[in-house]
Amino acid sequence: MNSQSHQFIQSLQDGRNVWINGTKIDVTTDENFIGTLRTISGLFNMIDDPLMRNLVSYPSPKTKKFVHSAFLVPHSYGDLLQRRIAFETWSQTTDGVMSRLSDYARSRLTGWYASREDYKKFDAHFPHKMKAYYEEARDKNLFLSVVQRDPQINRANQSFKDINDLGLLRITKKTSDGVFLSGAKMIGTAAPYSNDLIVYPLTNLKEEQKSIAHMLIVAANSPGLHMVCRESFAANQIKKADSPLSTRYDEMDALLIFDDVFVPWERVLLYDNPDALLQIKLNPASNGLAYHQAIVRLLTKLEFVTAIACEVAEAIGADVYLHVQEKIGELLIQVETIRALLIASEREGKLDQYQTFIPNFTYIETARNLGTKYYPRAIELLQLIGAGGFIQIPSSVQDFQSPLSDLLKKYYKGANLDAERRTKLFKLAWDLVGSPLGSRHELYERFYAGDPIRNIANQYNNYDKKRFKQMLEKHLDD
Amino acid sequence: MNSQSHQFIQSLQDGRNVWINGTKIDVTTDENFIGTLRTISGLFNMIDDPLMRNLVSYPSPKTKKFVHSAFLVPHSYGDLLQRRIAFETWSQTTDGVMSRLSDYARSRLTGWYASREDYKKFDAHFPHKMKAYYEEARDKNLFLSVVQRDPQINRANQSFKDINDLGLLRITKKTSDGVFLSGAKMIGTAAPYSNDLIVYPLTNLKEEQKSIAHMLIVAANSPGLHMVCRESFAANQIKKADSPLSTRYDEMDALLIFDDVFVPWERVLLYDNPDALLQIKLNPASNGLAYHQAIVRLLTKLEFVTAIACEVAEAIGADVYLHVQEKIGELLIQVETIRALLIASEREGKLDQYQTFIPNFTYIETARNLGTKYYPRAIELLQLIGAGGFIQIPSSVQDFQSPLSDLLKKYYKGANLDAERRTKLFKLAWDLVGSPLGSRHELYERFYAGDPIRNIANQYNNYDKKRFKQMLEKHLDD
Amino acid sequence: MNSQSHQFIQSLQDGRNVWINGTKIDVTTDENFIGTLRTISGLFNMIDDPLMRNLVSYPSPKTKKFVHSAFLVPHSYGDLLQRRIAFETWSQTTDGVMSRLSDYARSRLTGWYASREDYKKFDAHFPHKMKAYYEEARDKNLFLSVVQRDPQINRANQSFKDINDLGLLRITKKTSDGVFLSGAKMIGTAAPYSNDLIVYPLTNLKEEQKSIAHMLIVAANSPGLHMVCRESFAANQIKKADSPLSTRYDEMDALLIFDDVFVPWERVLLYDNPDALLQIKLNPASNGLAYHQAIVRLLTKLEFVTAIACEVAEAIGADVYLHVQEKIGELLIQVETIRALLIASEREGKLDQYQTFIPNFTYIETARNLGTKYYPRAIELLQLIGAGGFIQIPSSVQDFQSPLSDLLKKYYKGANLDAERRTKLFKLAWDLVGSPLGSRHELYERFYAGDPIRNIANQYNNYDKKRFKQMLEKHLDD
Amino acid sequence: MNSQSHQFIQSLQDGRNVWINGTKIDVTTDENFIGTLRTISGLFNMIDDPLMRNLVSYPSPKTKKFVHSAFLVPHSYGDLLQRRIAFETWSQTTDGVMSRLSDYARSRLTGWYASREDYKKFDAHFPHKMKAYYEEARDKNLFLSVVQRDPQINRANQSFKDINDLGLLRITKKTSDGVFLSGAKMIGTAAPYSNDLIVYPLTNLKEEQKSIAHMLIVAANSPGLHMVCRESFAANQIKKADSPLSTRYDEMDALLIFDDVFVPWERVLLYDNPDALLQIKLNPASNGLAYHQAIVRLLTKLEFVTAIACEVAEAIGADVYLHVQEKIGELLIQVETIRALLIASEREGKLDQYQTFIPNFTYIETARNLGTKYYPRAIELLQLIGAGGFIQIPSSVQDFQSPLSDLLKKYYKGANLDAERRTKLFKLAWDLVGSPLGSRHELYERFYAGDPIRNIANQYNNYDKKRFKQMLEKHLDD
């Protein structure tokens, strides 16, 4: 049978250069990747499952085969809800802990596709290049990732520094067939699992920096492209019971090194064009649809932390204390605030000139900016509720098979549950609060959308402040 | 002409005992009250104004005369919006600074009226007493206030203390006509402007405390009822230009001393009944409608602070700095978060068994709990933006008439406005940041709905946590 | 008798131009100033009081008459303690609420005097000008103030703006006798009570801005110098019992407008010299001695807030609650932290090359930077402890003389004190929490030492980080 | 040769029951413990090293052999400094990351020993039992640990719960030789490396709970005593270069299960005596000396975090940004505040009635309470400085030996250092920010001294507030 997951796994056996611990490996077999691959495959398989299919996919208008709903161009509130349900389904299956399962990048692409005519003024080829690639990605259900950041070599003012010395990604040669690239990009989240990478710079560039101002689709198996992974958090698959999240949900982050990588012209969407890049990064459909997905996922993740916090509080009998109730109350306030912003963004969505129904970005942006503070605080609250108990967890859920089993059962039980279930619960909590995966997620939520201070400042810069001036008129004008 | 405001002012000349600075005064003529009375009258007059009428009122089903929309029992999302518009109209006219213009108390009453049959089980007379009073209040457009708190004599555990010594309001005598009351209640916000006071205890009482467990409608001019006011912030009406908010919007807070006050049975809604009081305080319609008003008002107030912050930043050329943009960004996040919660509460409203369309209380409650932290932070942000400039404002806008006028105009101007307008703006800001009225509002927002810690804890206690348990099943049950 | 206070009051009757409410007034008689003048006079009289004299003064080495200890050049730890005791004595008399009673400026001057030879390289006349002025100020016990800030006209990047348009203070003419000045300076705290003003720019200037790079001693009664006051918080002297702090401790802040003001050369300490100004502002003796005074005062103020918080908590019986105890605990942590920093700064003081014993500035600076956050938080904590009770204070302590007296005594009493004492306590607390004086102090503590963010950043920039590098060697070098 | 470390390692081969991953192991050979054992041995060896000896030890008055300075009863400021230097030396060797290297417990013991006569009133045998044990521990340089907490089974009000069901440690039998114990205790930090455990309850007990009110010295190899370890963070000794802290400094935390453990009477210091336990826990000498050690260590740890933060900021060129400078400035403020509190505690120390020179506990307590907030904030600041860079670290420092070495060197370098050194630095930082060891330390600093809220509240409860009342007299008494 040629299931979605089978196709997907096959597609990763394409000669890609994935490096970890100094060795080039095959992601479909390496122990560092196998746990996560299994999780992703399960998600992909939902399209094959008659019971799940409608939750996550819709028939491609071209092939009539089912494709993921992230590719659906929404023309109504109902379409937007269909997208939400798909994101929710995947998020709930993965507890909101997997962030970049291609649905974010697919949504970005779908937004650009829907407004592709806007960019004809920058490059006459853009609309049909975009259409061709979007249709290919959609109909093949490609796993896509977006990569934007420059290597962290020197963050000081770089205007007069050497592009090569800073390791910035640049075109080194152009031919009639395409371009050659050198330099590096980070953070390639989920890159080892991706079919294609959508690459463009995070920073807004000036005209004199046009040699690094490109938007490209790069095949993950391009010769010369090296994906250099950080330490895997999922290496120890034997520890699945002790590290239920790390062993299943580690998306991996990779530094992408481009060592003379070729990209054909049809996948060079924009080049040498800082102004076009700025415009395309501000594209309302792409931002609206992509961050809509991000907020749906954030909501599930905050609910997951809250669920654990409730259960831990009950397990140790701490739920009767006012200050613990207040802490969980604060978690619930986070959850309901993000949910309200999501609802408002959908309810106050609008059709744009291309009849794309875009969620209201003010609410999306507010939720996203709150998220950078909410998540670290949620983890801190969970920490404060479990307190010393998180330090004193049995070394493994296997300990209950030891000669000491009876004593452990007696002294590790909780207020309302037995010792083994309590241990599973605390291991689960610790995997968020205390593991490298958990720490990485705290960093991820703070920074995935860019510098949080600048993002909040931009909420001011982009706001229509006219109404505010009118509010003061009666006091200032008489 | 017998306008709304004329009727209202006449209704206050009823022999009520209002005390300030050791003297009993007439609120319709005393300088401490005249500024605010003018503001309230203006609001009441909107019902007479053909252009405004539809924004704030609707025809009474009984009299066909226009009455305030706070009395409208909503049966649909549209009805709820009509209520919102009325609250918004009054709030925007008063910059969200006036909190208890009777619309909150009217909404509470309307909610109880709509669900009055629920309380028949506690007292068979409740439904028709409630109906009779509601219709009277509605059709006379009565100004109502709610008063709940006990005097702040001793907050330590009071179970074995003497009720008299703690000054708690209690029935001292019952006759066939009604009851006599002694004790005190605070904080009677807007009490001196009220026609009737709705009185019941804030605290949940136990069976042994039933002698203080009552719900009463008390006429403001009841013999023996003394309203003892705090310092007026509106005393200096000559300073209107220098204190634009204090001189217009001071609602006043009064300690209510009951010295053998008589209340007839038809206005004793519940008595000697801790359980009934607990239930009626939890009434979803009453809470939903009353706090819906509170959130509409909060939103306007936060927008007002944000508007001032934007203008101050521009006035001193500080709007170009990232950290100032971030601060205003944070204010905008507050505004849009509260707006989203308001929208979600309305959109996710539901009909109850009496066909009352009640806003979703989870979002209302979340907004209310956030408000206790948002407002003080908003004021702090405004403080941080204006900084030292708030200390160095001219002593009065009149200073520009002095011999020094030309020099003042030169040195007090701003980046984008002249010195007089800049001075007006800074006086306006200072009236929020630095005046007693401003300080009182910070306290008000923190505490008006009760102990903020307990309220947040209650959000946990009342939450349906079943869904959370389900989220963890896959990790704990295998 | 020619007491200190008599001399001081006389010295203010010198024709100075002090403006308030559009009128030029005499600070020694005007009701807006009289309350504070009385407080300052009391402090000055301590030098005449044989019982207090040793606490606040020492015999001038030149005249043998007693002068304030702020003028004492410390040569030992003991001398530094003598200075501390003088500052403590004045601070405790004024509850730490008066910040600029000349002792700060006198300390700055003393530090420069002690290191005057350091600045010979910039101007050969500096040492003897400084010596002559220091001795005059010391032996006449002059009231001095420092004024540094530019008018708040446009804080955006000013490099290419017009100096005149920004109102910056500049020399407009030089003659053989001295210089003429035009422009403005803020915030002239206590300026109306000062004999001389020490004027120099807050900002570090570049060579091209040398036309505004001066350090000057300006007589407060210079023709053409206008002191334009903000609103007085002490105007209502009848309200002394209701506003115990505002009516006694309002130091006043004035905008200083220089309209062709003449300063003779002997009081032009430095001119046209950005580099010299930068160096003199960094002078360790001047900074160390001046901020040492500031920390002593801050400590008393924080103790005062804590004292009120303790008393309020007891008065309402709230001291039994854990969360109230925690809040006061936080106040105590503030107090003891600042005290420890003060002790460490004195104990770890060092002699400089001129044998001046300077307190360790790292601890002083740390205390100062903490203070900008501690004080606003202290006020917030006090607010949270008193809560709604701060809103419901009788309009005046005079209310207890009214016909309602008995009822007020019954319902305004506290857990451990009678109604009148409770009212005095709450009026005192409100004067910090709710009055314009209180709000101004919150702004003062945040900003008096300049931009708090930049000050904290400077703590990094000026720190000797070598030791830190050594700490990491064992991990990085093998 | 019979070095300190040799003796120490031998002393651990005593048949103790240490369990990890379901297996009983030998801590002197097991891979989970070997890294830390090596570190501890190095510290112990300092006593043998003629160059280090004077820094960490002094001659026993009894044996004249060198013993650790934690056993020194200080009689002067100088003695206290000698103690500080010993703590500093060990802390700096272990970067402040090892908290319970026996010096804390030794200090506790030394304080009790010095004031042993105080407890004669509770038990006539206490003084000589204490003396005998102290001298044995001192002269054998025993590794001691304190264990206080009950198992986290049910934190709700336990007054009527079953002691057995809650797993509380209790005496099950008394004989003429001693007592038998059953129940459990956590968190036994460093217990597997200890010779003896000092066991007593954290909670203050009531008379009716006297069956669990004991103070005992328990030999680590007592039959029936099981030490059940959490997961080891030091298991992977091959990863020393990638986890420089985890592999060297993991002290381990163990649940101690007492399954009929015998303790002879001479080591039962107090029993069945809630009142005596309360008093001994409040002992000023024991608290002062033990927490003095804790603060010395905290200071080093905060310096270590700050050192890493400085280096990371420079490595990525972020040290030029104001907001990064502010963040490191905040870290420096933490460091200098704790240092000042330490200095003040020593300088303001006092001799007690037994001529023990005890550091001023107010400053110690303040530092300890600040520490519970400072450390988590320090880690957060480090997180914010390194940002996304902490996610994208090479999988191992070994990666630089791979075929990709040249590319890695190019793209992983920093602003001022090469790629390998940068990688070591980031691995070091990540071991604090992102590893389980780092997360455990965040929990440790928050909770090691008990409930932080209660500790802050106690600072209020134990404070002498008389002075505060005096400060208000002038305002309230006239």
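Going by the order they are written in, the chains are A, B, C and D; count residues from 1 in each one.
The rule is short, and it goes like this: contacts are C-beta pairs under 8 Å (C-beta built on N, C-alpha and C of every residue); 3 or more make two chains touch, one makes a residue touch a chain.
Owing to the predicted nature of the structure, the values given are computational and were not obtained by experimental measurement.
J.: Could you name all chains that are in contact with chain B and with chain D at the same time?
T.: Correct list: A, C.
J.: Across the interfaces B-C and C-D, which one involves more C-beta pairs in contact?
T.: If we tally the contacting C-beta pairs, B-C comes out ahead.
J.: Calculate how many whole Å lie between the centre of chain A and the centre of chain C, each centre taken as the average of the chain's C-alpha atoms.
T.: A distance of 52 Å separates the two centres.
J.: Using mean CA coordinates as chain centres, what's the chain B-chain C distance in Å?
T.: Each chain's C-alpha centroid was found; their separation is 40 Å.
J.: Could you please state the distance in Å, as a whole number, between where the Cα atoms of chain C are centred and where those of chain D are centred?
T.: Their C-alpha centroids are separated by 43 Å.
J.: Where in chain D do residues touch two or more other chains at once?
T.: As it turns out, chain D has residues touching two or more other chains at 323, 453.
J.: Mind pulling up the chain A residues that touch chain D in the complex?
T.: 19-24, 149, 151-157, 167, 184, 186-187, 226, 228-232, 242, 253, 255, 257, 259, 316-321, 323, 376, 380, 383-384, 387-396, 398-399, 401-404, 407-408, 410-415, 430, 433-436, 438-440, 442-444, 446-447, 453
J.: For chain A, which residues are in contact with chain B within the complex?
T.: These residues of chain A touch chain B: 92, 95, 244, 303-304, 306-308, 310-311, 322-323, 325-326, 328-330, 332-333, 336-337, 339-341, 343-345, 347-348, 362-363, 366, 369-370, 421, 424-425, 428, 453-454, 456-461, 463, 465, 467-469, 471-472, 475-476.
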